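Each of the next two complexes has subunit A plus one more chain, namely subunit B in the first and subunit C in the second.
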Partner chain A sequence: MTANNTISNVISGDKGSWPLWEIFIRSRQGLDHKHVGSLHAADAAMAIENARDVYTRRMEGISIWVVESKFIHASNPDDAASFYDPANDKVYRHPTFYDLPDELKHM
Partner chain B sequence: MSVQALIDYTLHLGDNALVLGHRNSEWTGHGPILEQDIALSNIALDLIGQARNWYEYAARLINGGGGKEVTEDVLAYLRDSRDFRNCLLAEQTNGDWGKTVLRQFYFSAYQFYFYGALEHSRDKELAAIAEKSLKEVTYHLRWSSEWVIRLGDGTEESASRMQRAMDELWTYTGELFVPADYERKLSPAGIGVDLAAIRPLWEQRVREVLKAARLESGEGVWMQTGGKQGKHTEHLGYLLAEMQFLQRAYPGCEW
Partner chain C sequence: MSAPANEAVFQDKIDQDIRIEPKDWMPEAYRKTLIRQISQHAHSEIVGMLPEANWITRAPSLKRKATLIAKVQDEAGHGLYLYAAAETLDISRDEMIGQLHSGKAKYSSIFNYPTLTWADMGAIGWLVDGAAIMNQVPLCRASYGPYARAMVRICKEESFHQRQGFEILLVLSRGSEAQRRMCQDAIDRWWWPSVMMFGPNDDASPNTAQSMRWKIKRFTNDELRQRFVDVSAEQIKLLGMTLPDPALVWNETRQHYDHGPIDWEEFRNVLNGNGPCNKERMAARVQAHADGAWVREAALEHSRKNAARQSVQLEGVA
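The block that comes next holds the complex of A and B.
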């Protein structure tokens, strides 16, 4: 009965216990959803509505995704050296060694 | 059709939106959680935006007839409660969150069907403002319906608070569908909304949501009326005293 528990939290003023949601907004057709921030909501439906009210009031978006924060798994900052540094000297991985035809734009 | 009826009608719509918008704005900074504080403040701003459109049109109609020049600000800030034609439901106090969302639900359901009919008005200005407002109201109705269901079908305490809100507010719902004289004049001309036609739609929607919320509607209760004719409950005077204070104390003040 999670929904009921969250309602009790509203009544008792226990604001900390609504789960946190990460919000992703697509600003225009054809673009990706981008992470814009997080907010509290009792369930997914409320999270989408809260995101609509908090993050799209100024015409920022045309589509919303919400994911409960606990389902996001992140890399460990302590791994940064072994994760990212080895890519530093691999310049040949960038596709910059080809002659592109003039007709190709936006590469 | 007289121009006076159209002016009264437009003011009635503006007063509904302004008074409920102001009531909702009283929650700003006091919402139960930040996200809902923003949600209700957005609804308040939508309603006050609608009020501006109605008052702007009313001012044009009034000024077209000669006499003392008025603006939307004069209509909002310098009329007394006797001149306000909003429904009694709109001016009822916020109470707890349950009462506020129930008041919004009753009113948004009314505005939803009302604007849906008014956008076909033969008066192009009324139709245009109704069409623009309907998009906002569609969201207000969705938001408030979900809260009524959430709280009604929530815990023992939330259900009892919703039932209390129902007992307090139901008596003010009948007036929504009792036409004032200016409504009776405009409806047959295809300019105003036929309230009898939208009433069953409102009742059906309210029944569905209350059923989902496991709440009992207060059928058979005696209904209060008078707001549309300027006879208000005690609450409107306090609301206006606060809302109009600045313009009354410092006429023409700008910032």
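The block that comes next holds the complex of A and C.
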């Protein structure tokens, strides 16, 4: 242990931590990349390698996307009621809204 | 929204089995309980690598060695899924590691027992991982989304751990007299610590009721322990071995196995740092973290330099 790496540093954790990355995996050709979790890595290349070791040990994926978490912007769950309100009263967007005779086929 | 209103909306979601997600409002006590439980669980996975790593170099065949390495690597992954879930509750990885190393955070007392023979790898897989699975399957339905999702992933992988452990014991149980003795000895040493893994009896577990109201826990410690005893008491018959409990007997009225008293004095002792390997385990963790410090710093520095180099190149192009 070097002088500037004292036991108190070890116990309190490091000063410079690796950034957090969100991991998305395509499980097989034809499917979307899906969020599977997150991990820390120094850079994108390491994030992809770590994601391979952590999230695809049993052939769970054939393609990996990594995005540094700080670049993800999210909607606010507290605003959900008003934010999604515009879609709330538009049942006519669903096919079941239209009452058609049973004899009508292939539609 | 006012605090009581928030609280009502929160409990209503829980009651309807709607998962709580990181940005949702949650009571401070719920957040704290989750951080404590998830981080302790993560620490257990990481410290749990140590007793098994002890046997990687001495596994009896290449097949066993490859399996054991894969299992220990899984435990590292499980620790990581759980640390990541805890981090969504606004605690940093460094802070959690710091709590483990300073002794503020606990980990499962089971990992403070030594792994003396190869049969211990079998007993750990069968009993310790078996008890863990019993605990973890209901956690796949825990009310906090990131925790439940991590547990689903873990449970999928954990099943191989238990099966390979039972197979190790099965092979030993059909081996020489010395191998049979080694098998029984490992079961004798790991049985009671495994039974203790479910934690204190229900009447001595003050947090259980709240955790169940919040649907973090779905069953009490004693319910899960009973299930584990019932399953194990049957499984051991296939090994032709015995569990070290003379009071273990099928109770026709309860439709469960009765078992003898648990030595809670031993449990508290090990939990409070006086188990056979507490100091060794913590020393190994702190040492590994300290030895890795220069690697973490170098990797960060490398990425900084790379980023700087790239921005210089971009300026050159412009």
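The rule we apply is simple: the second predicted complex is superposed on the first by the 77 of 107 C-alpha atoms of A that agree within 3 Å, B and C clash if a C-alpha of one lies under 4 Å from a C-alpha of the other, contacts with A are read in each partner's own complex, and residues count from 1 in each chain.
The criterion applied here is as follows: a residue touches a chain if its C-beta (ideal position, glycine included) is under 8 Å from a C-beta of that chain, and two chains touch if they have at least 3 such contacts.
Keep in mind that this is a model prediction, so the values were computed, not measured.
Student: A:S17 contacts which: subunit B (first), subunit C (second), both, neither?
Tutor: second
Student: Please indicate which partner A:D78 is in contact with in the superposed arrangement: first for subunit B, second for subunit C, both, or neither.
Tutor: After superposition on chain A, A:D78 lies in contact with subunit C alone.
Student: Going by the contact rule set out at the top, does A:R57 touch subunit B (first), subunit C (second), both, or neither?
Tutor: both
Student: Quick check on the superposed pair: does A:E49 touch subunit B, subunit C, both, or neither? Answer first, second, both or neither.
Tutor: The answer is first: A:E49 touches subunit B but not subunit C.
Student: Considering only the touch criterion stated at the top, classify A:N88 as touching first (subunit B), second (subunit C), both, or neither.
Tutor: A:N88: touches no partner chain.
Student: On subunit A, which partner touches more residues: subunit B or subunit C?
Tutor: When the residues of subunit A touched by each partner are counted, C comes out ahead.
Student: State whether A:S38 touches subunit B only (first), subunit C only (second), both chains, or neither.
Tutor: second
Student: Taking the stated contact definition, name every residue in subunit A that is touched by subunit B in one complex and by subunit C in the other, in rising order.
Tutor: Touching subunit B and subunit C on subunit A: residues 7, 10-11, 13, 18, 39-40, 42, 46, 53-54, 57.
Student: Please output the residues of subunit B touching subunit A within their complex, sorted ascending.
Tutor: 32-36, 38-39, 42, 97, 139, 142-143, 146, 150-151, 154-155, 157-158, 161
Student: Along subunit A, where are the residues that touch subunit C in the complex?
Tutor: 1, 5, 7, 9-14, 16-18, 20, 37-40, 42-43, 46, 53-54, 57-58, 74, 76-78
Student: Write out the stretch or stretches of subunit A touching subunit B in their complex.
Tutor: Residues 3-4, 7-8, 10-11, 13, 15, 18, 39-42, 45-46, 49-50, 52-54, 57 of subunit A touch subunit B in their complex.
Student: Going by the contact rule set out above, which residues of subunit C touch subunit A in the complex?
Tutor: Listed in rising order, the residues are 1, 21, 23-25, 70, 73-74, 77, 80-81, 84, 87, 92-95, 97-98, 101-102, 149-150, 153, 157, 286, 289-290, 293-294, 296-297, 299-300, 302-303, 306-307.
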